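One structure is given here, and the rest of the page talks about it.
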Amino acid sequence: MQRGRILFPLFRKETQKKHLYPALSNKFENVGHVVGTLNGIEICNLDAIYIAPSGVQKERIKPEDLFIQDIQGRDLKLPPPSKALKKSQCTPLFMCAYTERNAGAVIHTHSKNAVLVTLLCDKEFKISQQEMIKGIWNPGLGRYNKYKEEIVVPIIENTCWESELEDSLRAAMHKYPNTSAILVRRHGIYVWGSTWEQTKAMCECYDYLMDLAVNMKQLNIPWHAVEWRP
Amino acid sequence: MQRGRILFPLFRKETQKKHLYPALSNKFENVGHVVGTLNGIEICNLDAIYIAPSGVQKERIKPEDLFIQDIQGRDLKLPPPSKALKKSQCTPLFMCAYTERNAGAVIHTHSKNAVLVTLLCDKEFKISQQEMIKGIWNPGLGRYNKYKEEIVVPIIENTCWESELEDSLRAAMHKYPNTSAILVRRHGIYVWGSTWEQTKAMCECYDYLMDLAVNMKQLNIPWHAVEWRP
Amino acid sequence: MQRGRILFPLFRKETQKKHLYPALSNKFENVGHVVGTLNGIEICNLDAIYIAPSGVQKERIKPEDLFIQDIQGRDLKLPPPSKALKKSQCTPLFMCAYTERNAGAVIHTHSKNAVLVTLLCDKEFKISQQEMIKGIWNPGLGRYNKYKEEIVVPIIENTCWESELEDSLRAAMHKYPNTSAILVRRHGIYVWGSTWEQTKAMCECYDYLMDLAVNMKQLNIPWHAVEWRP
Amino acid sequence: MQRGRILFPLFRKETQKKHLYPALSNKFENVGHVVGTLNGIEICNLDAIYIAPSGVQKERIKPEDLFIQDIQGRDLKLPPPSKALKKSQCTPLFMCAYTERNAGAVIHTHSKNAVLVTLLCDKEFKISQQEMIKGIWNPGLGRYNKYKEEIVVPIIENTCWESELEDSLRAAMHKYPNTSAILVRRHGIYVWGSTWEQTKAMCECYDYLMDLAVNMKQLNIPWHAVEWRP
């Protein structure tokens, strides 16, 4: 089991770091449930990727506990061996977004809204005509989605081990060039973007849309607007 | 697409500023979902309007990033050109409330409760006999609403571009002189008032009433009291 | 209309004050919605009652803005006349609990759960066999309620002006000697106790029970246990 | 009635303490409702157990107010007699987990989700095929649960006095060697683990799963996956 993966970027300037840490710790309540030690945030730039150790609680990770590797997966720096820390098992999943999609950051959560949506849909979560759709980047078209466009988020089946998700995650990335996220049934969501700021903002938009969709279902409101009026 | 608009007033005294900033950052959780970079708060006085740049995350805006313009829309001060920042596209919408309604502040949110209410109603959201109605100012009557009075919030249709909302927003302001807010279907709400404190308080009251209305719908309780008893 | 009433006790020791303020500002999220400027907290001791001014936002009240009066309602200290502040209109309602029930503190909120419960019940909200009932003091019996006992919270009708509630509030206090709270339909709840700590704790317990009751209703679970099993 | 039990470990190093306190006070919102003074957290090591006094609000407990006892229940240190504090009545329940299960920490909450689940189930709460199940330790198998495995949490009946729960709690611990938690109907949940970090993480995972289960019930989604598809 893979627990406790939080991955930070290497910042070139110390001043950036000061802004990022409060943003990460205080603002991530908006991206969905962040509980236990099972959530992951990975942010990289082209030079180095900071990877949190497995099984350590988010609020207790120290800078020296982080693994640093390059985009090819080569270790640049390791935590002191005396601490016996292990690198997050889902690192290959995050690497998919970097190698297949040229992402600058990946966020993975176990958002309750994401799990509920995967239980209400078959192979895809689709919604249209919601203002918040405009906050989702369409990588295939190279622009943000428009209000009247439909977003389609593929749902892949969960596996017993997170490392087994790699093939289906990669396949979905190829099959759905217009998506910035992939849902995993009964598990959660992966969201990627070019910067951590954009990725965090998209993660919030996806979670808002899924939260809304669950509420709409409870109120018998269809997810597509076509001719519908109350 | 218009992202990241947060607009601050020019304060004549530095001491006021110190009170405003914590109020804005800590207390806005009550006005509805504030996620992504798609929300807007604009507060002005008669001398100057501070406008946040587009596409910058709320918690990362620096004072020098703000645009300052007067009530006629003339630029008083711009961010340094080297930063290549753009003024929020929805500025004309905020200006409507200033020119048509003599507002001192406007808040725009993508509150989930607001979106759900626009999906449960046709042309207007109406509710009566709720104590919180007393927190909503009636500009037509020049006083706060009374407990037994009905508030009517018009719903206008969303458009592909936020700038296209200007005409229907202005028309609704003329047609509904008693409202301090306008809902935009599948999008959110605009609330205005004479000061930012009053506007923020009304925004919270509207969100409370819409949240309650959604819960009442789920429990099959009508939104109007007339003769109803459980 | 009565807005912005927050009333603080006169503390004999400065050290007590330091504990109270964070408790009030940070912990009141648990007692129900505290939005707009329509909520009230009044805490007194036998010597003096601190009363917040009307229409001022909770987070912006300064010590010199408070009114101080004794238990007979005589003014001991007023804010500077230059500020033109007005004493909270609901002061008489709070005084009921002091004179009729010998309370040491009163909290009034517009909790959404309280409003929903008044829409689901006729004259009384009754619930039994919930552990949290043990957190509610029974003034008639002079002890906390037991797990298997039923709590009964009377519901009085709302009025156009808060000051008109005084007679029915007083009548309910006499008719229901075992309650530490009174619900006001479509409005909220009044909770009183011997100290502000006990009152705050009971306010949280009542809100928990009402929140649970609304959820139970949505899931078709009866509020009384007698012979019920899933 | 037993109120206000929060029990802290004896730390060998002062530095550990600094990490624990913010973790406890800021992060416990994720483990379910922590309201009133009715919740309990007990954490021990093999040398000493710190026990909070009864009826004191969590945020107001001072270090000298704590009781310290050893694993056999012998007092090592008491609060000053002048304070007239009483040891938490549920201490024997926490001791069960130490003596029967060799636990290092126990957390008890009145989570609303836990109470709702005990009202939706008969003798056991069972759920399977949820990623978050992997965050729950299986003491019988000596490993964390796997994604496709079912977790079974026994539900015992509530009693009028918390001390009367001891026998049925102990019996359930013997009957269900694979569980790390026991639900008490209409009351809450007990969760134990080898360290406070693991116990807190499991408490969050259980609460997530119960929250999800309540939402699934509202949406008519079965709690077991076998052949189900939307």
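Each chain carries a letter (A, B, C and D) given by its place in the written order, and its residues are counted from 1.
Heads up, the rule we're going with is that a residue touches a chain if its C-beta (ideal position, glycine included) is under 8 Å from a C-beta of that chain, and two chains touch if they have at least 3 such contacts.
Chain by chain, the UniProt names read as follows: A, B, C, D = Probable methylthioribulose-1-phosphate dehydratase.
Everything numeric here is computed off the predicted structure, so don't read it as measured data.
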Can you tell me which chain lies farthest from chain B, using the average of the Cα atoms as each chain's centre? D
Geometric centre distance via CA averages, chain D-chain C, whole Å: 30
Can you work out the whole-Å distance between the CA centroids of chain B and chain D? 43
Numbers and ranges of chain D residues touching at least 2 other chains: 218
Examine which chains touch each other and state the graph shape they make (line, ring, star, complete, other). ring
In their complex, what parts of chain D are in touch with chain C? 1, 3, 33, 35-38, 57, 59-60, 110, 112, 115-116, 119-122, 158-160, 184, 186-188, 214, 217-218
Partner chain C, residues of chain B touching it in the complex: 19, 22-23, 27, 30, 129-132, 134-135, 144, 146-148, 197, 200-202, 204-205, 207-208, 211-212, 215-216, 218-219, 221, 225, 229-230
